[in-house]
Amino acid sequence: MAADYINCKNISKAFGVVKALDSIDFVVKKGEIHGLLGENGAGKSTLMNILYGLYRPNKGEIFLDGKKTIIKSPLDSIKNGIGMVHQISTLVPEFTAVENIMLGSEGEKLTLHTAREREKIKEISEEFGLQFPVDVKIKELSAGIKQKIEIVRALYSGATLLILDEPTTSLVESEFQQLLKSLKVFVEKGVTVVFITHKIKEVMEACTAVTVMRKGKVQARVEKEELGIEKLVKLMFMEQNIEVTESALPKVNLPEIEISKNPVLQVKNISITGNDTSPGLKDISFDIFGGEIFGVAAVSGNGEKNIAECIINPSVLHSGDILINGESIKNNSPLDVFAKGVSYTPEDRIKEGILNEGSIKENVLLGHQEEERFLKKKLFIDWNETALAARDVIKEFNVDTPDEELSMRRLSGGNIQKAIIGRAFVSPLKLLVTHNPTSGLDISTVEFIFKKLVELRNSGSSVLFVNEDLDELMIVSDRIAVLHDGKLKGIFKRSEYDKYKIGLMMIGG
Amino acid sequence: MTQKNKAYSLILNNLIIYGIAIILALGVISIFVAILGYNVWDALRTLLTTSFKSSFGFSETIKKAIPLLFATYAFTIPFMIKFFNIGGWGQMLFGGTMTVVVGLTLGPLGLPAIIMIPLLLLVGIVSGGVFALVAGFLKAKYNINPIISTIMLNFIAYQFVNFIATSDAFKDPLEGHPITQKLSESSLMGFFGEIPASIIVAFIAIIFVYLVMKRTRLGFEITSVGQNLIASQTYGINFSKTIMVAFFIGGALAGIGGSLEVINIHGKLIEGFAKTSGAQFGIFGVLTSLVVAGNPLAVPFAAFFMSVLLVGADSLQRTMQVPVEVVFLSQAIIVMFVVIIREKYGKGNK
Amino acid sequence: MAFITSFIESVLVYTTVYTLASLGILISGRTGIFNVAGEGIMLASASAGFLAAFLSGSWLIGFLAGALMGAFFGLILAFVHETFKVNQFILGICLVIFGSGLSDLLYKLVIGVRLSAPIAPDTLRITIPFLSKVPIISGFLNHDVIVYFMYAATFTAWWFFYRTKIGLETRAIGENPKAADVVGINVSRRRYLATIIGSSLIGIAGAYLTIAITKTYSPDISAGRGFMAVGIAIFASWKPQRAILGGFIFAFIEVMSFQLQIISDKIPYQFFLMLPFISILVIMVVFKKHIEFPASVGKPYSRE
Amino acid sequence: MKKILVFVLLFSLIISFSVFGGGETEEGTDAWAIKIAAVFPGSIQDADYNTIGYIALQEAANAEGIKSAYSEKVAVPDAERVLKEYINADFSIIFVHGAQFNGAAAKVAPNYPDVTFIIEVDAKPDTLSPNIWYIERNYYTGFYVLGALASMKTETGKIGFIGGLELPFIRGEVNAINQAIKDQNSDATLEYIFVGDFNDPLKARQAAEGLMSQGADIIISAVNLGNFGLYGAVKEANKPVFLTTTYTDKLTQAPDNYLSSDLFNFSIPVKGIVAKIIAGEKSGFWSMEYGEGKARSTQFPISNVSDSINAAVKQIAEDVASGKIVVEKVLGEVLQ
């Protein structure tokens, strides 16, 4: 049995009132390729950022090689041999690879030994099997190459512990296989690796031990010999105790209703160019009919955001067409789309959804500002009418507020979400596009929101429900489409639901 | 229940911020006055009470408050979408200059006041607005920082005033300063006793700004973009259009301010107008607006308070020979303090 | 030939003001601090620098005082921004107003009323043997020491940013502060340093106005040149080698506008006086494609 | 709402200040004593136009033993307000230094017949107001002498003139210089530039550099603080360039390049007028006479010239003073 290389004891971290980590104990042994597995928001990155010195924990201790170590800044962690490759590229896009790697390294500051360093970098990249062009600006390189550069940067500064935060998000299969080979080389050369991911398949292929996290807590540490897909899926998506799980999930009554013959939404062969954070969309087609909730299941960063956004703002389409009630919306502005009876609740409710300083009333108006009902003589906003609509929203959606004048930022997350969804219901709705409407909400709020979605469905309208949480999708969707790497992997009817199968498909299995 | 408490604490919060601001204001000025060796108590009393001791002091305060109000609006409206219009002064100059150009050109026609005055105000609105629109356009189309463009436009406007006031067509050849001929009687607004009639226009403008910002779709869009650009774009608000409109409205208000200075106070174009206590109204407008965090509804009150300080500062110079720079300097420090305090304590829980 | 030489010579004087000020602005801009307070810093330093030079009788002490005053402004800007994350532009505007008030007040307090204006001591002039006699070239070389300082500062800034590792790191902060942070560079400390050093260069530019160009102080002496410098820094895409070019171009336009006024009788002189301001807008529009910003300029940085 | 509430509170604060601060009048109590106030367009520390105005005020006040006050850096549009402020504070004599304020004075004067104004003009008005004293400044006479000096001194035959703004008195100066050049039978030509501001040294310097690069070797300056830009320009010129200034002796600023100055002494008229006002004469016209020891004069000896030029210019100055040479006064336009 190898010695504990990292031992994090009782680590807690809160951002404001949000608890990100709750008494975490985390152990990595020397020579491991240690998988840190969990859903989005499980706290994996936060834990690693604490280890790397970017965040300070509120509580807890870190032991390196058995010695208690205080890490105040990345400089401390680098000195202790910790290197980290972040989820979002931390390279300077305007610089070349050599320049990026030279940054921050030890040595004299008043000269640039580019030639000398270039040789050293080439040496290291050959040693570890990570080749890349060293003199091209980073902004012209692909995500896979950027990642290699980040790894070499960590090794260059003498890392003996390498943390890879979601290294595979933007890698194609061949690149992943290459990375896998490199990982083995690292271990041979005495580098320990922590590998953050939510893809079980990768963990199975790459790791020698796994820690599973869920909702800011460690579920379990699983040794290599105990690794099994089923076990990991269970640990990752469910509570350990199945009975608890059953009652912890929202309950919704989903009656059989007749589905209309004509599609409300037709998506025809659409493609969207990808970028750093998303693979884009690749030739996707599906129809949604009146009276159904159409779920889209995907792990974050697989094109699911594009699906939601391109319906509201079709100008982002690269090719293909979108039709609403048979009419193409290809050249429409968002307001044109809204006028066709579509509404939208975005993924990040605070950043993309609300006017922080505005009142509930003003927020209810947002997106409806050009509708005749709220506009007198094309110029004046009818605030009385808006107030009525806002009061309806407050009443219908149980928003906890004394009145509609309260500033939006004074509401809790759940109430904000209820108001945003309520806003979508203000005008007659044919299609609601909603993205992660329940993230971070308590179970009763989730149930309430689902009830509203189902009511909408029962009235003959449709819902495009993009969600990260598979359990929730299965509870409330009539059909589920699975998206992976910007491609549509399959569409399941309710009768075909199989959590294990869908979960596997979501993570590229 | 808790929500109500929160709303109440918000009011308290603001009270504290402005309370601290005022105390700081007086404190900073006192320190400077004391360093310079003057009597602090006399200075403070002069500063705060000159406006209210005589009808003259009060009317002077109003005369300063009106252009200051417009200069403050000129900064405030674009600031609602987080852009800086430092060009209020230039827009005032340009609006006032165009007013004189049109007024002198149409003067011989002998149009009645009922036509002339609204027409001249309209000239101020349009020319001030268009002048500011240049900056809005440069931002929307070429991504040029409005701080730079509006300041450059200020200098251009300043030379333009000079050009008109010394041009053969308009100048008053006997003046020892660049000054144009007088506008005809029918182009001028009168006074209610000592109070300029432009106070009516100021009140209309206050109501106009209130209506536009609170009652119209335009105002809603400007407010929304300022609060959350991403959400606004997601929900169909056009950013380029909004920024240009905001700059136009700001400039138009500055333009009226310039027009009123010309047709109500001076009756002609004087090089160096739209200044007070040795500095441009534009700069005081920026400071005034920053004190109230660019809240358009608080602008009239802030402009009045600032005018009280300015009239007081003039009196301070006259009676105690305290340099006006002291007040000027203090205002910058005060705004800095207020902004820091607001940043630190004013946001509540984020 | 003599005409061109003397023309270049006078252009160089204003090039020095513009280049030093825009260098100061771009140095802090390279770490993400957008210093729009240039005008206020120049005014305050013009006053402080002149007073120090006059009282001490030493031009060197004058420039040091100007630099110190600039550093003081830089410190305020960096401290308030880094500590409270207050919007850089609001801060900058407050500092402009603060500087313009401070400059007159200082002068008033120290000098008071005199019938003959105080004069600063002559700034050391350096003529380079032989080269200072060659036509045209001598226009660049027959100057006071600050002009040479400007050459040196431009070269040093270029060398620092493009030929040293610490400069590379500093540029990295402006492009992506997170990238610098994760490799162990202290972002906040660098921002302080860059802002203070940059502001002291702006201060030297301000002191140059009074100590070398006019030899005495008069109110509002920078007359918008601090803002022009911001425009030049933007036009220069925050590159030192382009700042000196931009400084030369705008000084050229400014000097040229007076030449044109002599030649042309028809066009009102005010339009020539507008020329520098119009041209900065036109150039920013025309060169839009060639203008790049450090990605983080104007934005606060915090880890969480 | 909340903001409004705050400002209501603020208001009450101000009001309360005014209540306990009220009672006494703003400035002093001796309403019957004569007090003199002055309004200056620039800083009294400018060692130039404003300083000599300030000295005139002090000397007049001291001579009569009356109280004085002043406002400096008054913007033209603010003048009316400042005048009224002094009237409100019981000042009975107001010295308005600078023709740019005459509009304001003319507007205010009729409403306050008890107050006497002293203003500066460049031409005698057709009718005199009952409570205004007019000081005629006669810039052109002095500039005639400077023009004669320049046409004798120049070697390149090019004389430069730098003015702030194109105003009547400036045109008078240009015309007087041209007349002097013609009277001297000189081939010299006069190039003139306006820099848009009397007080911007940098622009003045650039203008001087422009003139110098066109060959001018004499610069006649008619700017105020702008002069400070000129000294550097002439000192650093590649060939000798000389300059003249106005108002005060500025020899020390550029000893090797300085010729002379067109001197003003406002103390003479202001002292004289104040004495007359106190004696009861509330209106009148006072032309500043040219000649040695008078209100207007040229600074002698002229620096950096030969004795013969010095003597010749002195003779011209005496002829102008005695009326032997008549300098034409043309303010309307610059004659070509």
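A, B, C and D label the chains in the order they appear, each numbered from 1.
Operating definition for what follows: a contact is a pair of C-beta atoms (placed from the backbone, for glycine too) under 8 Å apart; a residue touches a chain by one contact, two chains touch by 3 or more.
All values reported here derive from a predicted model rather than from experimental measurement.
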| query | Using C-alpha centroids, which chain lies at the maximum separation from chain A? | reply | D
| message | I want to compare two interfaces, A-C and C-D. Which one has more contacting C-beta pairs? | response | C-D
| said: Nearest whole angstrom, what separates the Cα centre of chain A from the Cα centre of chain C? | reply: 46
| How many Å are there between the centre of chain A and the centre of chain D, using C-alpha atoms for each centre? | 74
| field | For chain C paired with chain D, centre-to-centre distance based on mean C-alpha positions, whole Å | value | 34
| query | Whole-Å distance, chain A centre to chain B centre, using C-alpha means? | reply | 47
| message | Please output the residue numbers of chain D that touch at least 2 other chains, ranges allowed. | response | 73, 166, 196
| said: Residues of chain C that contact two or more other chains, please. | reply: 104, 108, 270, 273
| query | What parts of chain B, by residue number, touch at least two of the other chains? | reply | 10, 159, 162, 166
| Which chains touch which? | A-B, A-C, B-C, B-D, C-D
| remark: The residues of chain C that touch chain B in their complex are 36, 80, 84-87, 89-95, 97-98, 100-102, 104-105, 108-109, 224, 227, 230-231, 234, 268, 270-271, 273-274, 277-278, 280-281, 284-285, 288
| query | If you look only at chain B, which of its residues touch chain D in the complex? | reply | 10-11, 14-15, 18, 22, 45-46, 48-54, 56, 60, 63, 159, 162, 166, 173-179, 261, 265-266, 268, 270-278, 292, 295, 297-298, 301-302, 305, 308, 314-315, 317-319, 321, 324
| query | For the complex, which residues does chain B have touching chain C? | reply | 36, 84, 86, 138, 142-145, 147-149, 151-156, 159-160, 162-163, 166-167, 279, 283, 286-287, 290, 323, 325-326, 328-329, 331-333, 335-336, 339-340, 343-344
| Which of the residues in chain B end up touching chain A in this complex? | 3-4, 6-7, 10, 214-221, 223-224, 227-228, 230-237, 348-350
| field | Residues of chain A touching chain C in the complex | value | 15, 52, 54-55, 73-75, 78, 84, 86, 90-95, 99-100, 102-105, 107-112, 153, 157
